[in-house]
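As structure tokens, the structure follows; a few thoughts come after it.
Just so it is clear, A, B and C label the chains in written order, and each chain counts residues from 1 on its own.
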Amino acid sequence: MVQDKTFASRMFDFFNVLLLAAVALLMLLPFLHVVMGSFTTTEELARKPFVLIPTEFTLDAYRYILSTNTIFRALAVSIGITLAGTLISMILTSFMAYGLTRRDLDGRKTINLMIVFTMLFNGGMIPTFLVVKNLGLIDTYMAMILPSAISAFNLIILRSFFQGLPDGLEESAKIDGCGDFGILFKIVLPLSLPSLATISLFYAVTYWNSYFSAIMYINDAGKWPIQVLLRQIVIAASGMAADTTNEFIKPPEQTIKMAVIVVSTVPILIVYPFLQKYFAKGALVGSVKG
Amino acid sequence: MGNNVNRMKWVSAFCSLTVATAVFAGCGKNSDESAGDSGKTGGDSGPVKITVMADLQTTEVPSDKIEKLLEEKTNAQFDIQWVPDGSYDEKFQAAFATGSLPQVVYLKNSASFVLLRDAIKNGQFWEIGPYLKDYPNLKNLNPQILKNTEVGGKIYTLYQERQPARSGLIYRKDWADKLGIPAPKTVDDLYNMLKKFKEADLAGGGKTIPLADRNDLVYGSFKTLSMYFGTPNNWGIQDGKLVPDFMTKGYMDTMKFMKKLRDEGLINQDFPVTSKTDQQNLMYTGRSGAYIGTMGDVKTMQEKTEKNVPGAVFDVTNEIAGVNGKPVTWGLSGYGTLIVFPKSSIKTEAELKKILGVMDQFYAADVANLLKYGVEGEHYTMKDGKVLPVSDSKLIEKEVRPYLNMALADTTNVKPSYYTMPVAEKANTLSNNAEKFMITDPTASLDSKTYNEKGARLQEQIKDATYQFIMGKIDEAGFQAAVKKWQNDGGQKIIDEFNESYKSSGGK
Amino acid sequence: MNNTALQGSPGAALRPKSGRWKRMVRNRYIYLMILPGLLYFILFKYIPMFGLIISFQDYQPYKGIMGSDWVGLEHFRRLFTDSEFWVIFKNTLVVFVVNIVFYFPVPIILAVMLNEVANSYFKRIVQTIVYVPHFLSWVIIVSISFVMLTMDGGIINELLAYFGFEPINFLMSSAWFRPIYVLQVIWREAGWGTIVYLAAMAAIDPGLYEAARMDGAGRFQQIWHITLPGIRTVVIVLLILKIGSVLDTSFEHIYLLLNSMNKNVAEILDTFVYTAGLKQGQFSFSTAVGLFKSVIGLILVMFSNWLAKKFGEEGIY
């Protein structure tokens, strides 16, 4: 955006940047503490509650995590579910979101209300489990995708974005002989990159964090996504082991918990900067003439 | 107006579509979800097929080395479903609700047992009591522990042995020695020790916090301390009737004691919200000198603290006297977790008997040692007749550790552990000793309908009142008012029901 | 564009009863488009909803839903007659209001600030940083707060002591519960919340800004007259959604902050259900309370949706 050079404008920028930097610092520090804590020894962590620069650098915690044979498998499972799930969700959600923008659709308001309803009312864990079971999805990868394929929240937001597109676009496309699917693919989706990127991010994060669906529907440990494995590590690390007279139970270190956080969040954190290019401004410039 | 009529049409269309799909989906119901074969035994001479649900507390599912050995020794074929500890309860509920529990189900811990009482009384699980005498090891199970697991006077579970009385005091011996304090033998001794710790400020910089406690009235300091003031274990007999501990003088004395400790800065100020990690950190960093909890923790404590504080030495004791001058402590019911046998997966008595035959061997030396320690020569060696694990802890974690949760015997028929740290061995010896003077909860095997329904919520009120008293937010009168409220909200019913149950079970 | 003076849905005029069948046929591809989604909702949301029936039963897992006894409104009676009910209900509503009033504007403000940054390098970095806290679980956040706020050597209290002030019992006082709660929420969620707003701002025509600048508008005026109105629809939608979901969130967070001293302000319906119901395996009771909460949420959503439409906005249904 072209900046004006007035003094007021520059002062605005100055304070804006200052404040943002302060906010960023505030948000970053605790995370930095966790990251740094994962590279330090437990002893140092116990000594200084806030470690910003570890004096005793060590990779022990990561070595421990990576030494479990199943971690790479779990990572692969998670990546697979995230990619497949986001794709499936985006298709289902954007189709439905666009369809519901058509004001001349009979039953539209009812369907919208029904969707909102599902955000508020939830049948519970066991009935959902029964449905999944009866569909034969137990112990399948799809069980970690299908039950949460569409988020009503995301659907409503995406629909709202689609509705924000000028009506003129649709009409001119129809005049040009475009069918409904054509409008969707040729006009609506290309012009909605920022919102599509946003909703994809939301879905990706949700799939990446899948824990509960894995726990409930998957019995085969080989299909565990990474969050399950990581939580098991934390449980083992917190020494919640059966305390018996058995001497050799050694609870692993506190720093492991921190390394687990890093391993489980850093991959998804990296995704956002790549999506940012879709947030280019003015995607709609010149789309509607006259 | 017209719109609303139209709306209704859409709503009903939507609903019928839903119902239709529901019926359709429901038609596909299969009834064979149990993990593995449901107890089909291949003829009388073939191995017994057993499906198991066990709690996984390690990061990975174990290799099947131990499982194969187990199958050899017991002539059975196991199909073990390892469920991650973090969601064990949910998985259990789901399996239970859908009739897909396996044949041998480990409960997560003793707390889960309460949730099953109703189901047990309604015949969902096999009563195994009458069969125990037919098996060489089962008939020798500890009758007191079995009694503690009874529901309605009948036995439905096999127990996993655990030392019942492991709590005591862990303290910095080097501090005590420096200040010329011997091991405390009474509560007053303890108090004086804490006071001297604070005055001497051996942690430096005014940062000494003599006693480190955490947000747990049971496994923190409170319960153990309460024993020394004559408080019963959860429930006690007064004038021939059962009363809850918080209605006794001992409880009030304990609260006053803890309040005093807090007011005088002898305990961490935020202990009601301090986590176990932060509590232990206070010890590991050398800020605190005393810790009341499981004495076995001393091993980790010694190892971690001496890294930060060279010269730190810990000692343990549990021989602190109660109001009658003799050492006293509280005891759990003697089991860590229990196994139940669902009728939904064990269809016949014959099947049950075969399975019991296999479980019987879990209490025999061979299998018990296998599950607890692994294989001699591979996972451990014998030193002075005791078990010394090999130093490759990764190997043990991967192959042996998970089976610890399945092991049923802990000390009976089991080879003793070799302790590399004398004070850890002392902790174990003291814990074993404590069985002689521990006080148990007389309501362990009793039943109260109101307790099952509302007990937890009502107990919260008492817990809140206890903390509020210690923090000085309410006074004695305020506490008694809370007790009265507890009684009115249903507590009195609980008292009555337990007393009835007590009388009808023989009132020992 | 929208003739919202009409009663009923704005589009009702576009769907006259006559010619309905023809219209539906013309829109057949649209129906095809939404069919998969509909199936999803029916299968995974509506069918399981029958599970709500257990609110009126004494549900026992081994009896199944069909076999459990009916108790009618017993659980609701138990809820409403609990001595603590009104306090808990009030706390729940206060948490809700606090979320809406104090938390909700923050991501918007933050997004506006980010939007104004010219240097895309700086902007990207800050954007990525501010959404990092969202990934830390409440357990971590509460435990870090504990370390900072504890009276046993926490930084804040040490600073207070250094300046000669009395130590403050942050963690166990009723007075501090709500401030600490909302600050933690803001810290964790504000950055993540900017994402949607930034996406909406990206869709605003830059030409509008140019025109405003040429008319002599200053920065604040541009924000007030262009940026904010440009995202108004998204803000309203999110507000209504938040109203519908606030009663639901926060369980884990508040449960971690809850203790015997602040219970009179901190206990909400969800934590109550946890101790009174779930821990003792009382599914029916906890489902009943959940149902009650959902109904309240529904009323709030319907009200705010109606209000939004009154002001000429689209609403969420």
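Everything that follows uses one rule, which is that contacts are C-beta pairs under 8 Å (C-beta built on N, C-alpha and C of every residue); 3 or more make two chains touch, one makes a residue touch a chain.
The structure presented is a predicted model; accordingly, all values stated were derived computationally and were not measured.
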Centroid comparison with chain C (C-alpha atoms), farthest chain: B
Higher-contact pair (C-beta pairs counted), A-C versus A-B: A-C
Chain A-chain B separation of Cα centroids, rounded to whole Å: 37
Separation of chain A from chain C, taking each centre as the mean of its C-alpha atoms, in whole Å: 17
Contacts with 2+ other chains: residues of chain C: 9, 43, 46-47, 50, 61, 147
Multi-partner residues of chain B (at least 2 other chains): 25, 93, 97, 277
Interface hub residues of chain A, defined as touching at least two other chains: 106, 109, 111, 114, 126, 130-131, 135
Partner chain B, residues of chain C touching it in the complex: 8-9, 12, 17, 39, 42-43, 46-47, 50, 60-64, 83, 143, 146-147, 150-153, 169, 171-172, 259-261, 263, 275-276, 279-282
Touching residues on chain B, where the partner in the complex is chain C: 2-3, 6, 17-18, 21-22, 25, 93, 96-97, 99, 114-115, 118-119, 122, 124, 207, 209, 215, 268-270, 272-275, 277-278, 282, 287, 344, 452-457, 460, 463-468, 471, 473, 485, 489
Residue ranges of chain B touching chain A (in the complex, touch as defined): 7, 10-11, 13-14, 25-26, 28-30, 33, 35, 56-61, 81-82, 84-87, 90-91, 93-94, 97-98, 162-163, 166, 277, 281, 284-285, 294, 296, 299-300, 304, 307-308, 336, 372-373, 389, 393-394, 396, 401, 404-405, 410-411, 417-420, 424, 428
Touching residues (chain side chain C, partner chain A) in the complex: 1, 9-11, 14-15, 20, 23-24, 27, 29-31, 33-34, 36-38, 40-41, 43-52, 54, 61, 65, 110, 113-114, 116-118, 122, 124-133, 135-137, 140-141, 144, 147, 155, 187, 191, 195-196, 198-207, 209-210, 213, 218-220, 233-234, 237-238, 241, 244-245, 283, 287, 290-291, 294, 297-298, 301, 314, 316-317
Residues of chain A that touch chain B when the two form their complex: 42-43, 46-47, 67-70, 106-107, 109-111, 114, 125-126, 129-131, 133-136, 138, 212, 215-216, 219, 221, 228-229, 231-233, 235-236, 238-251, 254
